[in-house]
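We just call them A, B, C, D and E in the order they show up, numbering each chain from 1.
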Amino acid sequence: MLLGKVIGTVVASQKDPKLEGLSFQVLQILDIQAQPTKTYVVAVDAVGAGVGEVVMYASGSSARQTTVTHNRPCDAVIMAIVDSWAVGGDTIYNKAEEG
Amino acid sequence: MLLGKVIGTVVASQKDPKLEGLSFQVLQILDIQAQPTKTYVVAVDAVGAGVGEVVMYASGSSARQTTVTHNRPCDAVIMAIVDSWAVGGDTIYNKAEEG
Amino acid sequence: MLLGKVIGTVVASQKDPKLEGLSFQVLQILDIQAQPTKTYVVAVDAVGAGVGEVVMYASGSSARQTTVTHNRPCDAVIMAIVDSWAVGGDTIYNKAEEG
Amino acid sequence: MLLGKVIGTVVASQKDPKLEGLSFQVLQILDIQAQPTKTYVVAVDAVGAGVGEVVMYASGSSARQTTVTHNRPCDAVIMAIVDSWAVGGDTIYNKAEEG
Amino acid sequence: MLLGKVIGTVVASQKDPKLEGLSFQVLQILDIQAQPTKTYVVAVDAVGAGVGEVVMYASGSSARQTTVTHNRPCDAVIMAIVDSWAVGGDTIYNKAEEG
């Protein structure tokens, strides 16, 4: 899995029928120091994440293993909202301390 | 998923029998600011997308989860036509405002 | 899928039994302008492609969806020979015009 | 598989129900000389690895083949703790010699 | 598939039970001219490859399609030992001519 920050949404009315009801969120992928990179992914939200939150997402066939995404043409899913992220003994992200 | 712009097509008459009837479109992959990159992918069209449209595509085994692509040797599928795409509160793409 | 040009072959007599009878071709991956890149992939040929031809290949589990590659340890398959490839209204590759 | 060093953890209380009880560890991916790179992955721990250890992880659908991760939305799993790693006849990592 | 040269091994005594008995080899990935790159992969050996040999490996779910790797948490498998590799009419690698 990688970690990303929810920075936006994608709206698509004309789509495969299996995608009805899903929410597509734009994630800015974070680097090993929790800093934003220039890369993104659009992921289906399985946990009710909101803009500004740091989340964990799974890619590939594993993205279809949540109840929300089962058997759907979806290759990325937000499967957790991150509370905290520690590297080398330091907390580099803590949701409770964010504005 | 990633977002791409339909910029062309691929025609192939000699192909695996399972690919009969599919439409192959060339997508220019867009970056996080909706700007075109130098990378592309050829995707099967499952939603009737046309040249110039911005679309969302799924890769890998997830690309075989639409009715159009089920059990076919296809690793990328256009599964939605994008209406709008917002990042950081700004709409960076809106189909209705395109020429 | 991506597009590549068949530039060579790989011969391997000592291999997993499931690979008996398959033909392994070296593809030079093409960029968005149909120009050769420095990257390659070795793909199983499911359509009778020859050296010099431009082909389309599928990767990952989708590469096992042709009759030739079903249930085999193969992660790339040539599933179509390209007749033509158009980008932005221009034909950037046309098999009939090649020498 | 690739090799990585466990450098931290991710805590996430709000997550897909299938992820309950799993431990998420941050791996710094190592290069061919066992030196740390700037890339990372978050992997589920299936073998009881601790911070500072060098581990081997599997990605994609293969990450769901351990008992711990079966049928879960997980795309990376730590499936072995590395004792030693030799390249070109030289041991470039040996757990027994680490502090 | 890609081609690599076997340059070393990984030993791991503490691992997922499904990995018992497998041999893990370090492959240095080769470029399109059969020259070594700085990238590597650790692959399970399904064909008895030895250090110094050039091999072909499959990645992802396809790596679980050999008898050796079936249902195991393995995302890369050596499935063939390369005899020769030709590009543009030239033999760029020939096992019989190696020291």
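We adopt the following convention: contacts are C-beta pairs under 8 Å (C-beta built on N, C-alpha and C of every residue); 3 or more make two chains touch, one makes a residue touch a chain.
Please read these numbers as outputs of a predicted model, since none were measured by experiment.
Residue numbering shows that chain D and chain E use the same positions for less than half of their mutual interface. Between chain C and chain D, the centres computed from C-alpha atoms are 33 Å apart.
Remark: chain A and chain D have CA centroids separated by 21 Å (rounded to whole angstrom).
Across the assembly, chain E contributes residues 60-61, 63-64 that each touch 2 or more other chains.
The chains touch one another to form a ring, and the order obtained by going from chain B toward chain C and onward is B, C, E, D, A. For chain A in complex with chain B, the touching residues are 7-19, 24, 26, 28, 38-43, 60-61, 63-64, 71-76. If you check the complex, the residues on chain B that touch chain A are 1-3, 31-32, 46-48, 56, 58-67, 69, 77, 79-88, 92.
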